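Okay, so chain A shows up in both of these, paired with chain B first and chain C after.
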Partner chain A sequence: METYYIRINDVDNLTTGASFLGSGGGGDPYIGGLMLKRELKSKGELEIIRRPKSNKAFVLGSAMMGAPIVMIEKIPSSSEAKKALEIYSYVMNKLIDYITPLEIGGVNSTIPLITSAKTGIPIVDGDGMGRAFPELQMTTFYFYGVSPSPMVIFDERGNTSVIQGIDGYWTEKIARIITVRFGGSAYIALYGMNMEDYLKNAVLDTLTLALEIGELLNDKKLDQVLDKLKAEILFKGKVIDVYRKVEKGFSKGYVVIEGIESYYNKTLQIDFQNEFLIARTNNEILVTVPDLIVVLDLFNQKPITTDRLKYGQKVIVIGVPANEKLRTEEALKYIGPKAFGYNIEYIPIDKRL
Partner chain B sequence: METYYIRINDVDNLTTGASFLGSGGGGDPYIGGLMLKRELKSKGELEIIRRPKSNKAFVLGSAMMGAPIVMIEKIPSSSEAKKALEIYSYVMNKLIDYITPLEIGGVNSTIPLITSAKTGIPIVDGDGMGRAFPELQMTTFYFYGVSPSPMVIFDERGNTSVIQGIDGYWTEKIARIITVRFGGSAYIALYGMNMEDYLKNAVLDTLTLALEIGELLNDKKLDQVLDKLKAEILFKGKVIDVYRKVEKGFSKGYVVIEGIESYYNKTLQIDFQNEFLIARTNNEILVTVPDLIVVLDLFNQKPITTDRLKYGQKVIVIGVPANEKLRTEEALKYIGPKAFGYNIEYIPIDKRL
Partner chain C sequence: MGIKIGIDIGSTHTDAVALEGRSLIAADKVMTTQDLTEGLINALRSIISKLGERKNEITSLMIGTTHGLNALHQARNLNRVAIIRIGLPAGEGIPPTFDWPEALERYVTFKFMVRGGHEYTGEEITELDTNKIREIAEEIKDKVDAVAIVSIFSIVNRDHEIRAMEILREKGITTPIILSHEIGGLGLLERENATILNALILNIFNNLISKLKSVLSSMGLESVKIYFAQNDGTVASEDFIRNYPIFTVAGPVSNSIRGAYLLTGIKNAVVMDVGGTTTNVGVLNNGYPRESSVAVEIVGIRTNFRMPDIYTIALGGGTIINCNKIGPESVGYALFDKGISWGGNILTATDVAMVIKNFSLPNANPKLVLEKYSAEYLSKVYENMKRMWEDAIDLMKTEKGDVEVIAVGGGSIMIPEKMIGASKIVVPQNAQYANAIGATLTKVGATVERTFSYETINREIAIKSLIDEAKQLAIRAGAIENTVEVREIEELQMPYLPGNAVKVKVKVVGEFS
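Coming up: the complex of A and B.
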């Protein structure tokens, strides 16, 4: 059992890396980072387990649900994600041995760590997306047979529901509409499974990955990030248009970027649903989900989330190959371009560019 | 412990009486009546308990939730309400000794009887409204301290949630939006309590009342119904306008009736939210919730639900004093005119007419 520790000085690297891997979504982890720092200030360090040995151990996912723009406005409290876990444990009569992030992108990289600090339950180094995605069923757990139900959803007032959907889509639909009713954000505990299934199905070592990428970005070593992830620069330019609406609990829209330097006279459009989905010029599709599209500030190389996009920003757009577990035929049914309503075949970025 | 039995020949009386007490809402019990007849055909009779002796016995409410117009269109299956009860029993680890209707009006008079027939759990002669109301917290159970949560909500696909709201309003809000997501109707099990609380808080003997009223109406003895309930004829006329929309899971609107006979040259407007709420002429309020407004076909004296109203119907409008448990200061907070958004004081119909 390999273990390492996250300390207060690691948090900025973690949140920067998680913003990058969030592919524009998952919410700005800044506030989550502050909350995590407060926990680590009193606790000193937090244990991350890389390869738990017990196959029978019970792992549970911990996350916030909602449109990122709402999650940013309603400052989360650190005790609510813990409460969702406790309710799960009580209602399901299950001891929770490990906590896992559902997604590594954005605020949901820090929420499970805060839950871990609050409960003392150790966290596993992995997640169900290797990035961020907008819907609950969009996890490698689900693609390979683990159900998100039973799931607990909890709000800051104290309202709770336990959801048992007939499949991942229905679990998502029910949880999403409850989230909307709760005011746009909620705390969830879901995807309970044993460690054997977890190790087989999760995208592993993503907390480590976020920490490493974050450290490189904070050191302004974008080239090394690109090398490490086999990523490519797709575009450089200035944001000239942002269209965004919150609809059915999602932040949906697109951004238009006018090229500069070698991209002069070209424009790039990126559509998003919480996360960036598809990047295209007038006559060419450059990247689609599940590959990651990341928008960085041209000057400080920090990731910009879809909710922070605004007119005039100068940006670099990066394309990153998704983890192989997101690229199987099974996975693409749930997270390929067609799953988001685009009549487009997925062509891996590394085969396209 | 007083007991009586409902047999197949009683069902038409029950559904007619429940339509009357539904005050226009609760859904047309015709289909529920057919389902109940099918159960009684195989089972022979169903035991109704008037005054269970055991104070510790556990009682649970069984109902359908949703806009009546949807409940009519999606023909309910008799096994789904049973399933909601079973899930409650399993999740809460509670044996259910008795089933109670939540409301006596409309389809929810027959659903609990069907559940009783399917499960073998006897039914108590009472309910939480003594009529029908559109929202979950509008029960005498809630006015006097019993919580609707935990509640189970279940759809015909097999989706389930267990809801624990912080109060009756939040339980209603969460259940309502899930019902909308389910397509407009759902099966619910809620208001678990012991028999001591039940006997103190319920409107008692309402299944008996529905049977008696239904028998009189089916025998065309409207005068005797009016005598029995201390009710009054408010108006006779022809429906000249119906405005109706399904909004947020409710059937909302109003009907305008043009007077005939001694009401010639007058018009009556009745507003509704699933149930009739307020009846008024141009210059006078005649009846408001919680007193009952009932619209009967002028010729056959059968109740007309808000969803069956249409241009040209000739009708008699009746006003019925509500049960005293609905008229206390505590109850009026939840079911008086103000609870439905009208800036009107409640004046009991028997003090007004």
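Coming up: the complex of A and C.
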């Protein structure tokens, strides 16, 4: 069983890497990063299990759900996600052997680690997205047959609800309404499965990946990030237009970037809905979801989230091939361009460019 | 009409002006001193003596200063502060001052977390734990100089902050108590940090104000009113700043942007304040500095109060040019000894600009520059300087197309007559005093930011209540009641939240007496 340890000095690398994999969304992991630092300050280190051997072990997902904008004001007590886990264990009469993140992009890269530190239950190195997506059913677990239900949803006061949805969409819809009633942020335990299913369905080794990407970016070694991810630079330029509107609770819009250097005289448009979805020039689609579109500040190479885009920023845009588990027919039904309302076929970035 | 005195403390010079109406009747520059107060008082005495007999016509004194920032940098003579955060069971995950530098953190001698706080809708998270507040009062009595109170979503509902203050008062706490909803906007940690920073520097400003008053009274000027420049380009009275000194930390920067407007009448423009070591680039938005939308760090601490959106480049009059490399080092105020045109041996940005733009300064001889460097080399350097300024303009404007550019500050004479991105470049008369003039001629202002759910409160009623609140604040800051008017209303939808959740910001300004 391969393991490694996360210490307080790794947290900034983790959050930078998680912002990168957030593909413009997932929320700013600043608050989560501080909470994790606090845990590691007293605990010293946290063990991450890379390849658990026991097929029958029980794995459970741990996450925050809701509006990151609420979380920056109503900061968690940091025990909520742990309580959700304990209630799941009690209600389902199950011992939880391992914790898994649901997504590795943004704030939810840190919450499961805090849960692990609080409970002593080890965390496995993987997640259900390999990036960030806005909804509960958008995980590889769900695409390949694992149900998010039963799901426990918990707030800082102690209010609890157990949801048994008939499918992923219903689970998402019900949980969303409860989250709002809880004040816009809630903490969840869901996607219980055995280790055999987990290893088959999860996007593996993504905590390590986030740490490695973050370390390279913080050292300004972008070339090595590109090599590692088989990623491509799509564009370099200046933001000349940002359009945003709030629609059905999502922040939708697009950004237009005017080329510099070898991209001079070209423009790139990226559509977003929390995350970046489609990158295209005038007559050519370059990358679509689920492949990752990442926008970095040209100078400090830090990821820029969709809500921080503004006129004049000099940026570098990167396309990253998604994990193969996000590219199958089953997966594309939920996270391909059509699932987000675009009448565009998904062609992998490695075939387009 | 009366005479107004404006003083602006910069990193190398402290500028003072006297204005009658809008005309400049006297101006002066003295060296900034290490403790700031001494230089400030030198400037004050000097400008008053220049006025001679007319000193009795002085009605008011406006000051732009970085006293607050300096004190925090040095971490000396600060207040002992207790912070009470209301919001448990939420909020416990990151305790107050968690990521603060140790030198400042040690002044925050008591940290409490108490049950209470609100949701984004304004409902209670839980009831306020009033017993705990009473216990806290016993514990901190006579042990702190100030108390900071922050409650979750107090920008939606401030009841718990106010109730907690009332209890502390009932229990005999007489020190200043600062409530976070009066300091900053959305973001608990950032607002809490700003509130504590404010509490730390209260005494610094009390002392400064006492000193200024005694200087004025020693000159027989007891009735002169004192105002301070605020971060948003307005001023507030000494009484107000005694409680909210943190609003002054970016006053000098905002003053130059305001000054650019007051000297030109151009309401929307990019402003370049060219000093000795840097150029600060800001934006005039309807006559006031555009505010930053992201968290601003002060002495390594994240805050979220209203700060001007400023981009600084290391290019000023004293910037050292070395083998095609421009800066970032600068000779600063030693320009007039070390610059080549003054017989020194360091090539500075001013030397280059004098040759290329064909102007001269007192005691300077630009020909000395051409004896050492070829015209070709100098014009190449100047081209590169121009490109640095052009890039900064490009970064600060918010849309396509050219913008008007106003150049102010001592180094504004170096700015090219044409730049890419600029439709017009204006260097107003008295540009070198823009900051002090900005402080003198501006208005009293107040800004309030709250979030509402328009499903639970009618939009018109919500905005009206906010305007009333901002007006009251402006009056407390020294504005004459019937002159206060709304200058800006900004509504921002909050994504992910239902109930039509919006953040509303209202800014009002008024004349001072």
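We take it that the second predicted complex is superposed on the first by the 332 of 353 C-alpha atoms of A that agree within 3 Å, B and C clash if a C-alpha of one lies under 4 Å from a C-alpha of the other, contacts with A are read in each partner's own complex, and residues count from 1 in each chain.
Keep this in mind: contacts are C-beta pairs under 8 Å (C-beta built on N, C-alpha and C of every residue); 3 or more make two chains touch, one makes a residue touch a chain.
Everything numeric in this text was worked out from a predicted model, so none of it was measured.
**Student:** Taking the superposition as given, does A:Trp170 touch the first partner, chain B, the second, chain C, both, or neither?
**Tutor:** After superposing on A, A:Trp170 lies in contact with chain B but is clear of chain C.
**Student:** A:Val246 in the overlay: touching chain B, chain C, both, or neither? Say first, second, both or neither.
**Tutor:** After superposing on A, A:Val246 lies in contact with chain C but is clear of chain B.
**Student:** I'd like to know which partner A:Val180 touches here: chain B for first, chain C for second, both or neither.
**Tutor:** Both: A:Val180 reaches chain B and chain C.
**Student:** Contact-wise, after the overlay, does A:Arg157 reach chain B, chain C, both or neither (first, second, both, neither)?
**Tutor:** In the superposition, A:Arg157 contacts both chain B and chain C.
**Student:** Check whether A:Tyr334 is in contact with chain B, with chain C, with both or with neither, and answer first, second, both or neither.
**Tutor:** Neither chain B nor chain C is touched by A:Tyr334.
**Student:** Is A:Gly66 in contact with chain B, with chain C, with both, or with neither (first, second, both, neither)?
**Tutor:** A:Gly66 sits against chain C, while chain B stays out of touch.
**Student:** Please name the chain, chain B or chain C, that touches the greater number of residues in chain A.
**Tutor:** On the superposition, C touches more of the residues of chain A.
**Student:** Have a look at where A:Tyr98 lands relative to chain B and chain C in the superposition and call it first, second, both or neither.
**Tutor:** neither
**Student:** Touch test for A:Arg308: chain B only (first), chain C only (second), both, or neither?
**Tutor:** In the superposed model, A:Arg308 contacts chain C only, not chain B.
**Student:** Using the touch definition from the top, say if A:Met35 reaches chain B (first), chain C (second), both or neither.
**Tutor:** second
**Student:** Need the overlap of the two footprints on chain A, from chain B and from chain C, as residue ranges.
**Tutor:** 157-158, 180
**Student:** Show me the residue ranges of chain C that touch chain A in the complex, using the header's touch definition.
**Tutor:** Going by the criterion above, the answer is residues 87-95, 98-99, 117, 119-121, 123, 125-126, 152-153, 186-189, 293-294, 394-400, 493-499.
**Student:** For chain B, which residues are in contact with chain A within the complex?
**Tutor:** Per the touch definition, chain B meets chain A at residues 91, 157-166, 170, 173-174, 177-178, 180-181.
**Student:** Give every residue of chain A touching chain C within the complex, in rising order.
**Tutor:** Within the complex, chain A touches chain C at residues 31, 34-35, 37-38, 66-70, 72-79, 114, 156-158, 180, 183-184, 238, 240-241, 246, 249-251, 274, 307-308, 310-314.
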